[in-house]
Each structure stands twice: as C-alpha cells, then as structure tokens.
C-alpha cells in the first residue's frame, strides 16, 4: 500500500474510533445529568417528523456549517505555519460590520454589489490581520498575545460602530441596533433548490444560504493554493521547519505576513453568510464566537480543507440538535461536551496514528537498508 | 585472563522488530578490566545492542550475563543496579548547574531527609576523580566547560552511581585530537582501576589505539572478534562493510584559474566579540577549500554570511558578480548549493515526503516548479533519479524523510544540492553521522563534481576528510583565518595544534 | 502531522477554547433543577388539559439564571398549573445563533402561542410571525412589530426609581453605584430611573455607573467575574449600595458586597430568595422586581380569552408590573417613603426618564 494512502486510511480510522469513544464519554455525562443517552442519540438524528421540519433542519445545519468552515479555514492557514491566529474572532467581526455598512451605502446590480461586499470584508479582515503580522516581523511580538488584544479592540470597535457611525434606523421599541439594511441586490440568492432537488419543500426563514457556494469555492481554491502551488509549499516548509525554510531561501517575514493576511482575508468572510443570506445587516444579535470555534474546527480537520469541511459539518450537525435535545429532556450542554471530547480525542488519535504510520515507514526503510544495493 | 569471569557475556542475542531483524545471534564476551570496542557501520545494529545491554529494550532471544550472573533488565535502572552505566553521545547535562549538582542530580545524598548533603557529595566526587584521574572542578558551571570536560562529567556521573561497566557511545565524535588523547588516558586509568569499558565507534584508528579487544558487527550480527594487534584499520573497515574500501585521498589537481567564489573582508561582531574577523579567500573552479576549526570558531557564521542568511560587512562575489546584497533565494538560484551542518535543523522537512524535500531550496527552479505551481510529477521523478543515483535506501519517494536513517537522509541532501548544476557548493560536515558506505559514496560525488568544475567550501570536524579531500586548507580560529596549509604535508596532529590555537601565526603554502 | 511545538501549543489553545466554550454555555447547562420560588407550582388540583400548548424560548443564559429567564418560566409554570397549559421551554445555544430556529421548532411542534424572552428575539419573532400568521407570538422587552405579535414591555425605569429612592435613603454618605450588564437602551432605562430616584432623595449624591460590556456584546449578562470587579471598585471608592441590572453577572456584585460588608440591590426577581448562598442573601437589601412572570402569565391568560396581538402591553407600577421586594425586611423602615414615591409616579406627579 502506498505510504500516503496508508496514512490517510489510518487517520480516518483513528478519527472514527475517537468519535465513538467521545460518544461513550458523553453518554456518561448524559447519564450523570439524569437523562437517557439513547434519547440523546435519537435527538441528534431527529430532523423532524414532517418534510418541512426535515427541510428546516437540513438548512439550519448547512447554514451553521458554512461560517464554521470558513472560520476553520482561516485558522488553519495560520496553523500550517505554526502561526496562532487567535485573532480570527476580531477579524471577522470588524470585517462584517464594515462590509455590511459599505454594502448599504450604494446600490448596484447584484453581482457587483455582492462582489464589492465580499472584497471589502476580505480586505478589512486581511488588513486587521496584517497588524499582528507586522508587529511580529518587526518587533517579534507573539501573535497569540497581539491577536487576543486586537480581538478586544475589534469587538468593542464593532459594537461602537454599529450603534454609532454605522447605525441604521431602528423600529420603535426595538432594542437591537443594526447597520442600515442592505439593498435587495445584496441579498445572496438562497440555495433552496438544493433541497427541492431531492424532493423536500423549501425551508422557511432565510433558507439554505447561497454563500455555501462561495465557501466551497474558497475551500477548493485554498486547497489548490496550499497543496499545489509554490506559495503553498513555502507555507508548508515554513511550518514544518522554519530554519530549513530560511536556509532554503524562503523569507520568514514575507511568509508570516502573507499567511496572516490570507488567514485574515478568509476570516473576513465568516460573517457574510449570515449578513447576505439572512439578517441583511450587521446587528447586535450578530453571532459571536465563531473565530474561537474555528480553532476547534481546524484542529479537528487537521488543517486540511477537506478535513475542515467534515469537521464543520460535524459541529453543525451537533449544534442543530439544540432544540430536539430539549424536546427530549436532555440538557443541550451535551453538545458542547461532545464537541470538546471529540476534538481532544481526535487530536490524541492523530498523534497516535501518525506515530504508527511513522514506525511502519521506518521499518520499511530499514528493510531497504538490509537489501543489497542494485 | 581467560580464567576470569567475563564482565559481560552476550550469547545468541536476537532482537526482531516487525519485519526486520535488528540483532541476530550476537555473541560478545567482554573481559573485566579491558576496553572492548564494538565497531560497525551506522545501522549495523550497534545502538539496538547497546539499548538491550542498558535495559532500554528486551531481547527476543539469548542471554546476558554480567559478572557471570544471568540478568534480565526491564529498565535502565535495573542495568544501573547491576553496575552498568551509559555515557551518551549527546551529553545530558544541565548547563546552568555546577558540575557537582549535575553529577548528583537524581541521586542526591540527603541531609535530614531534605537538604542536599553537598559536603558528602563533594568528598565522594573528589575521591572518584582522584582515583581515576578525571580532573574537574566540582563547583564550576557546566556551561563554562569545554567539550572534553563535559564528557568527564558524564563519566563521573555514571561512576557516581556505582557503575563498574561503562558503555561509551561514539565518545570521540565531538572531540578534537588532543581531547581524544586525554579521553584515552582517562579510559586507560579506568581499566587499570579494574573497570570495564565498552567503546562504540566507527573511527577505526582510534579503536585500534585504545581497544584491548574488538568485536565487529555487520548487518545485525557479530562477524568477527579480533585482537587490535593483529589487524590494520583497513582490514577492520573491510570487515565492517564486507567489501573493498575507498579512501578520501586526493588525486591530481583539477584546480583551474577561474575564481568561482570570492569573499573579502567578511566581518561580523556580536556583543562586542568578533564572530568573523576580516575573512577573505578565493575558491576557484574545480577546487575544494577545506576549513578546519574547532566548532564554534566562526564556521556557522561564515556559512550564513555566504548564504545571505545573516547581514555582515564585507563582500561576496560569485563568478565575479557581487552578490552581497542578494537574498538567500537569489543566491541559491544563482548556483550556490548548501549541504548544511545540521541536516535536521537546516536541511530537511522531516515530516514531509522525500520528493517535497527534493523541492526544498529548489522551489523556484525547474524541475520543481512550473509557473505558480509545484510540478509534483517532475519533482517525484527527479527525486527518483536522486534515489537511484545516490543509492538512497527508501521504500519510495513518498516516504517521510523522518523514516530514513541518517546516512540516507544525507545522501538525499547531497543529491539535491548537486541538482541544477551548482557553481559553488558549501559542504558542512557532509559525512557526519554517516556510515562508511555512504561516506565513501558522498566523497566520490564531491570528487566528481570537483572534476567537473565545481568549487567547494568544505567544513568538517573529520580531519582525515579535510586533509584527504581538500586542495587547500585554511584554519579558522576565533573568527579569523589563522593558517593556510598544504593538505599534502600536514598531519592531523599539527592541524589540531592550529585549531586549538596552540600553534599560531605561520602561513604556509 | 503535528510537530512537537505545534502539538503542544495546539493542545494549550484547545484547552483555552474549550474553557471559553464551557464558560459561554454555563448559563444554559444548569438545566432543569432550579425552580423560581414565586411559582405556585405543583398544585394537584390543576385543571385538566385544556388543549393550550404554550412554547417559550429563553434568551442566552436560559433556565436557571435565577433572574430574568427564571421569572419568565415561573409565569409559564403558573399557566400550566392554573390554566392547564401544556408547556415547552427551550434555551438557545451559548452564542444565540439559533434563536430563530427555536421558534421554528416550537411552531413545527404545534405550540401556540409562543413567547420569546428578551429583546434579542424582536427581529426573529417578526420573521417567524410573518411566516406563521396563524400562530400568536409575544416578545418580552421588545415592541410589537407584526399583527400577531404582542410586545410585553415593562416600565423598568419606574421600578429602578424606587430602587434609587431606597438606595439613597439607606446610603448615609450619599454614595451609590449602578452596574449594568450590557450598555444598551434597555439597561440604560434601569440606569436612568435609578439615577432619577437617587437624585430625588439626595440631589448631590455621588453615583458610580459601570457597564460591563458595550452594546452588542452580550457576555456582560453572564460574567460574574466582571461584575465583581466593577462592584469591588465602587465599594472601595466608598459606595454603600450598588444596584445591578446585569443578569448572571449580578452574582459577582453580591459577592463584592458581601466581601465589603456593604449592600446590594437585586434585579428582575426577588434575588434574596433565588440566590442560594446565605451570605449573599444577606447583602441583598431589596430587589427591583420586574414581574416577567406576571407578564407571561397574563399574556397566556389573555390569549386563552381570545386576545390577538399587534400591540404592546406595558407593565408599570400602576399594575404592579414592577416594584420592590421586601424579603428580609431591610426596607420596612423606609416603606412609607417608597410608597409615597410610588404614588407620585402612579398619579403622574413624577415622570421618570427612560434615558440617562
């Protein structure tokens, strides 16, 4: 069996075992909380009795997965270079408020309008990530610390902007503040046809957010960049062995800056599915915390776009059960427990499987050593 | 002597790892009070054998007897209890502790249960040092000690724990000739005092000068036990590889008149200390310039200056073009190859495949690159070429570099750096930690490239290698080139004198 | 493959991320064991099932916050006991990302009416109401924004005014404090009323005001550590009574008061009863009651009577929708003063500002 395939199969096997063990551990927690693990398991797969409920549930899961996927990608770009961009949280919030505001200031044909919003979001996110990158290469400031600090600034700045300079009108008695509502040309068409194609009714609410397509394109593009291009090779080399990369002519400063900006640019997109697909504005109810969740998703997905897609779907699948679990009288915090244990166990499983794979290759290499040379 | 009980007796030791037999039917008898050398190529099974003897691994078959008693070690502490101690190749000392603290670390004599009884420890150390001629000041910080002193501390550490049988793993790899001599003095005193030394090495001259008995291991099994008086280094080496041996001897000169690389007045200061002090030299096409020096005298800085990894004052010219202001990448693209001194740190992506390692340093050049893409197919097939040409023993080009033995990793690096027709090559310790077979192959490749007009800067701690390969020798001492020697009439001893600053001044030609 | 450095850092980061997540879900995780004390609860003579199915979606923090959400739940339980309603309550995810989904799930499960607790539901209720015109919705703390939505509003500024009167009367030095959870318009109403109440007693009173997080960052409602730090500072500076409108974070205010041996004023429910630690109960001299339970129950009752949405119901002092609790008897001695202020407000002699 080729070494690469063997490693891949081993990884998948490790992940599956880790998830099974995580289910076991969570079951203990469920029992301790006085509920029935069987009920909980059933709730996770309970997408509703009626077709419309199933449709809603699938839409909800996909809609949750899209921002998690983007967040995971953003974090993973940094991780690949041993850069800990904890700042994804701040980058996406500041990018979201700016993009939502800029998008509300003009009206253009939909493709242009949406492209401008996406570009603004990526640019703002990238710029906000440039700050810690520059601090790191010029002053050696650890990016973990600077990005955490910048998160506080971004969160407060976004909150200030949305109730100050960027605030839109609010209905009487409404307590939440939002940026001005986007013109309809900025409303990303939904992808309900995806569900209709398999014979399900269109889900209610925002439906399946069309930004899913953009996320898929970003994921594929990122995979190509990281796995097939010279830039991707530079990133990988810098991450695996910075000294060797430096000695091989890969400038560490340039790499830190470009990786951080790329990471921030992707981070800038995290908030767009919600803004373009559903809320049509950045508001005080805007979903927070996606940047931190992206760390867990990236770890679970082993920094590979495919893995992150699976991880994001898994997280979304678990998150979706928030309601069904409560209908089944199971505390919904089970979700967080499962997510946490799965990530931890998968990280452990990765270490174990990579050691097994390595030992196998060492053995094979040793066997070659024994052979008489041709 | 035969009447005595052997200190260590190994019989029929076999150790299998799944798919591979690391040790097979090993039989060694070590007499007490002797230095017994175990020689063999890297990968021949020496380390596995030592791990078995030191309790780090359990043999699948065979018996171990220590002083006539059969033992079965489960952990190193079992071995220590049986009086066996190990001096590792890489020192395991805490730099910011004193000698005394390092020696007693983990075996501290206690006063009232908690306090370190420094007085008792010092008395014991002094007594050990006295009786075995191991002079060290117990109160000096380890970070202030030279390599030879550190090794003595390691030996004392083992003796302090009551070892009567010492295993020394490649102890001379890090020493200059003078220090090697001192070490041998110490070892002789130890054996005179009744201790037994098991000495692992692949430096045959040293083995011949110190050992009372020699066992040769090849492909995991003992192939011969010889008396050093009866064999030459060459015979020993042939026993090790099982075939005829090459030597690093120079043939007729291929040096041309064209200067390939010229460095002038390289100077680098850090913390008020000159790391490089006005270093100037030329290397012509077809010339190998050897730089001799004790490690830490400016060799690394010189390499980094030429590679553009560190800003220095002075100029570097490649083929009469000033490249002083160029980036590392541009210098590589212009035809500078680099076999780094520490391949794990600077030369390899251990957790990446061989073909990705082939791309490293060549990521902007054909065949690795086409446009913005990495050309995976071309990189793979070119890696296969290197694997075939340089005899890299690997299951395939997708294997992780981590899985390869040191010699095979090094062959891959040499093959990579020779790719793309370099004009100038920096070869830093090109055969360090590499077995005899790979060493000969690497020397051959360097020699061929030299004949083809490559200019080489050779930096090495192996003086035979330096003398044998170089067309010109320079000695670097405290950042200065202090002597220029003709390799055809210099001995390792005299070279060692220049390296340690014992001989100064003269420029020879 | 994870390199060593990466692995170590990753594990550390992961632990951090998990801690954050754990902290974020803290409110929701305490699940179904807390019962608000105002609940008449488990009477056995509850009417037989009436076919009434009431769904309720909590705000972040969910059940067991010993305050706002629990008060809403008390009203729901009362409806179960007295009106024979079949009830279901759901808590949202820690990041509040699934509020709309909870409403949809309640609709799908056939609940009608459905109550959203908290102003954050305003927009989501509107959308859900438009998609389900046959279902009646109510939202606490937000105005009606559709024909089948009822806004359940409270005159927090009036209750806070009374809290201000009590605080200023009890604080001999005239130095008091206010800790707000999130600096939004709702919590500013509390501040405005409180400040007005304090000034009505002592015009030169010193009032420290601190918000834990800015508008849009709802973590201020569940950060007892921040609440504690803010209140500690006020007590150190000389404040004698601190009033909080900070949800879960109020617990930190009580802890600070207990440590400083000063007093605090609770909010939403009678916190002297809902807080479990005796040493914290003692510092709560009164609580500004926001009778969400009354609002929820009255709404359900009105729905049963056939009332339709499209308008707001304001629960003020006049209908005892807000007020002060007297548990512990600490404000019994100034009750006449409070009653006088209350009467002035009810009679319209005093208009309490809703903005600071």
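Going by the order they are written in, the chains are A, B and C; count residues from 1 in each one.
Keep this in mind: contacts are C-beta pairs under 8 Å (C-beta built on N, C-alpha and C of every residue); 3 or more make two chains touch, one makes a residue touch a chain.
All values reported here derive from a predicted model rather than from experimental measurement.
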Distance-maximising chain from chain A - centres being C-alpha averages: B
Chain occupying the middle, per Cα centroid: A
Distance from chain C to chain B - Cα centre to Cα centre, in angstrom: 72
Geometric centre distance via CA averages, chain C-chain A, whole Å: 33
Intercentroid distance (Cα basis), chain B paired with chain A, Å: 46
Residues of chain B touching at least two other chains: 351
Junction residues of chain A - those touching two or more other chains: 240
Chain C: positions in contact with at least two other chains: 1, 3
Residue ranges of chain A touching chain C (in the complex, touch as defined): 33, 48, 50, 52-53, 56, 60, 64, 79, 82, 84, 86, 144, 155-156, 158-160, 162-163, 171-177, 204-205, 239-240, 279, 283-290, 292-293, 295-296, 299, 319-320, 322-324, 326-327, 329, 331-333, 335-336, 339-340, 343-344, 347, 350-351, 354
Footprint of chain A on chain C - complex, ascending: 1-3, 5-7, 9-11, 13-14, 17-18, 20-22, 24-25, 28-29, 31-32, 88-102, 104-105, 108-109, 119-120, 122-123, 127-128, 131, 141-145, 151, 153, 184-186, 213-219, 312
Contact set on chain A toward chain B in their complex: 2-4, 228-234, 236-237, 240-241, 243-251, 358, 361-371, 373
Residue ranges of chain B in contact with chain A within the complex: 17-20, 22, 43, 219, 307, 309, 327-333, 338, 340, 345-353, 356, 359-361, 363-364, 369, 372-374, 376, 391, 393-396, 398-400, 402-405, 408
